[in-house]
Amino acid sequence: MTIFWLSVGFGLVTASVLALASVGLSLQFGVTNYVNFAYGAFLTLGAYFAWTVLTGGHLPLGLAIVIGALGVGVVGVLCDRIVFRSFTRSGFPLFYLLIVSFGVSLILGNVVQGVWGPSPQFFAVVSQFPLHIGPFLLTPAQLVIIGVAIVSMVGVHLLLTRTRLGKAMRAMSDNPALAQVSGIDINRVTTWAWFISGSLAGLAGIALAISTASFEPGFGENFLFTIFAAVIVGGIGQPYGAMLGAFLIGMVTEVSAAFIDPSYSTDLAFVVLIVMLLLRPQGLIPARGKA
Amino acid sequence: MAAIVFYLATVVNYFFIYNILAWGLNIQFGYAGILDFTYITFMAVGAYVAGVTSLGPQQPGTGVVYILGWHLPFPIPILLGGLAAAVLGLIVGLLAINRLRSDYLAIVTLSVGIILYSLVGNLTGLFDGFDGLVGVPEPLNGQVHLGVNTYSIFYMAVSGAVMLLLWFFAQRLRASPLGRTMRAIREDVDVAEAFGKNTFRIRLSAMVIGCFYAGVGGALLIGFVGAFSPDGWSTQETFIIWAILLIGGRGNNWGSVVGSFLVIALLSEATRYLPTIPNNAFLEPALRNIVIGAGLIVVLRFRPQGILPERKAHFPEIRTAAAQAGDPGRD
Amino acid sequence: MTDAPILEVENVARHFGGLKAVDGCSFSLQPGMLAALIGPNGAGKTTLVNLVAGALPLHAGRIRFQGTDISGWSPHRIAAQGLVRTFQISREWPRLTVLENLLVAAPGQQGERIWNALLRPGLGRADDRRLVAEALDTLDTFGLYAMRNEYAVTLSGGQKRLLELARAVMSHPRMLLLDEPMAGVNPALTDQLAHHIEALRQGGITFLLVEHNLEFVERSCDHVVVMALGRTLATGLMADLRQNPEVVGAYLGGESVERVAG
């Protein structure tokens, strides 16, 4: 029983990391209508940015996290402005954007490799004593991850429901043609979507690096599949679906690790994905305007 | 002198193998429009299966463990490698083709690749896990007994023959009514379906044939290198095949030849002219990949159909007697 | 007209979430008819075409073609029976030549079988000799012969309309389901298309057209199905339907008839 609750605690941490990442991916997908395969590299960049600020700049962790996350937001906007938009503006078909984002992933991943080298790094906060919270056993850093995820999810919810920007994002996601004629500034909304998506990816990357003890170039790309699983299970392009998918996949992968060899926990996420695709391919919360 | 010969033979062997890999992806994507983002996984399966069907029984004491352990004569391991990849392609295709939009297929294929990578790495009993297979015997060298340099030239003839055979069938498929219908499916799957084409079955066959090519390519690779491990099939490797296909020109098998020549030249030669940057050994391979990624993006942006775009099909025009009686040139 | 019907639509329904796009639609058509499906926007005409062609699954009802129940069949199976549809917007295969667009449409090609394609290319070439001749004749008929070796994407809007019809003819249909074949074309081309459709009907093909051009419907069609709010409102001849108060109320009366007919 203790092991069970322990793994539920880890599940909450993984679900938090996944929620940050999945919601970011979903927001951008909803607005632009193509999947960004460079998203895994965004996570990697977030971790390295924050680590560099923390160890090189000797700034407090909180500030390092914020700078790291916003830095990836800027990277997202730059990728969109320099690369993706020149393709969308000229009306290139979908597959070009998928391949191009694949190419951007290769470029960013190798920039990380070239700048920081291949050896693993780690955040000093990892070696903290765990605390008993109810039945769970969590380190302060893990608690911060869960807290950051909850705050971010509430923030995304408020953004989508209370702000003009958020409503414009939802409109573009539901019906791009209608959004265009109804006076929404598509360029501005797209830029914000990339910034928010990148920032959430950065946060997720930092959280992932802290929760998995060490990180190396490519660790974000390896996590990308789990993000895809969460996003597809929840319903692609749906931020709320992504939250639900993140919770499910996070729990499945961690709780299962109490019973089976942990090396296979991501494979289990894949089984969930396959079952979903067979039974309910549109995801738990199907998106309007996406088929 | 011998070193240069060996080097050239190595480069040519890679060139042949990359041609085969690019043609397989061309059949999947250039012909039928399937976004297979884990193409390299099928190459890996071909390599592993060819490896375990030519290695012979496990040697105690080496610590290298694997399934089967057959010692089959050339070219059966290569054929089995291709078939194993084709069977895996069939399974993935059954799961993923026809399920919603093409980016779902891309995601699913990518996921399958990552899962198989993890399974092959963790289930050490299959193909020796992350350490990989080593000491795979050189095909036919039991019969011909050649030295390293001469053998690499001999192997060039072997892979060249396989390449020509696969070229023949890729071109034949392209020119066939099936190839034409595949291209129609690529252009608009709903309309092809509305004209009575079983688009699922046809796309599945493109997937399976392409995977067979990938498997044969992998089998030739492990026969040449003698070893194969999960390091050899990262997502980046898939991207390199995609870059070859798209830079060269999708839909055109000659384009793939141009693409693999350029990419191989870049991978093996170009970075030699970079100034050496001290204390950073990782920079050179990283720069190489950055150049490939950026090169592909630039080609796609400014020459979307690639260097050698798909060629128009022309048919010998035999008119019916009725039309010839009238005016066949009438507009 | 007492033959067995070629197409029978019985209480067909389809909803999208809460929206009942087609809600109990029934009618039947005799072989050789040139029938029109009319109705105001949002009546469910295109959804009905998609249901008949198998592109959308039915939620209720059944559809029979030449006496065979085709409810729930996949689109390619329905097309192989000889019930072929076109799309509301022209959907040529853009990077196939005009000639290839027609060749692909031909049914039952031996060279489409995988082993024939790889091992017996002669079978495909023999088919092609026959099909190329047929396709060139068809292109000639539709005035597209000069464009035969151009990519279909380079055709003008009107030429794409003609290609849609030529390609459908090439599939040897028993019945054609045309979704607004004259949408957005100029009057001269409308006449040309009407002429082709009439000629094909003489050749034995049954037609069901979704059409907004009521002038054409009245002049050429010998049967009209009126849909409103997902249901069949009335069927019969256009001249009779103009007297039907329900039809006039739902669709034909007042300004809407001016707008759509003008």
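When the chains are written out, they are named A, B and C in that same order, and each has its own residue count from 1.
Methods note: a residue touches a chain if its C-beta (ideal position, glycine included) is under 8 Å from a C-beta of that chain, and two chains touch if they have at least 3 such contacts.
What you see is a predicted model, and the numbers here were worked out from it, not measured in a lab.
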Most central chain, Cα average position
B
Please name the chain that ends up farthest from chain A once chain centres are defined by their CA atoms averaged.
C
Distance-wise, how many Å sit between the C-alpha centres of chain A and chain B, to the nearest whole number?
31
Inter-centroid spacing, chain C versus chain A (mean Cα positions, whole Å):
46
Length of the line joining the C-alpha centres of chain B and chain C, rounded to whole Å:
41
Could you pull out the residues of chain A that touch at least 2 other chains?
none
In their shared complex, at which residues does chain A touch chain B?
34-35, 37, 83, 86-87, 92, 94-96, 98-100, 102-107, 109-111, 113-114, 117-118, 221-222, 224-225, 228-229, 232, 236, 261, 263-264, 266-267, 270, 273-274, 277-278, 281-282, 290-291
Touching residues on chain C, where the partner in the complex is chain B
53, 55, 74-77, 79-80, 84-87, 91, 93-97, 99-101, 103-105, 107, 109-114, 116-118, 121, 124, 127-129, 132-134, 136-137, 140, 143, 145-146, 149, 151, 167, 171
Provide the residue numbers of chain B that touch chain C in the complex, in ascending order.
169, 172-173, 175-181, 183-184, 187-188, 190-199, 202, 205, 209, 310, 312-320, 322-323, 326, 328-331
Residues on chain B engaged by chain A in the complex (per definition of touch):
33, 35, 37, 95-96, 99-104, 106-108, 110-112, 114-115, 118-119, 122, 235-236, 239, 242-243, 246, 280, 282-283, 285-287, 289-290, 292-294, 296-297, 300-301, 304
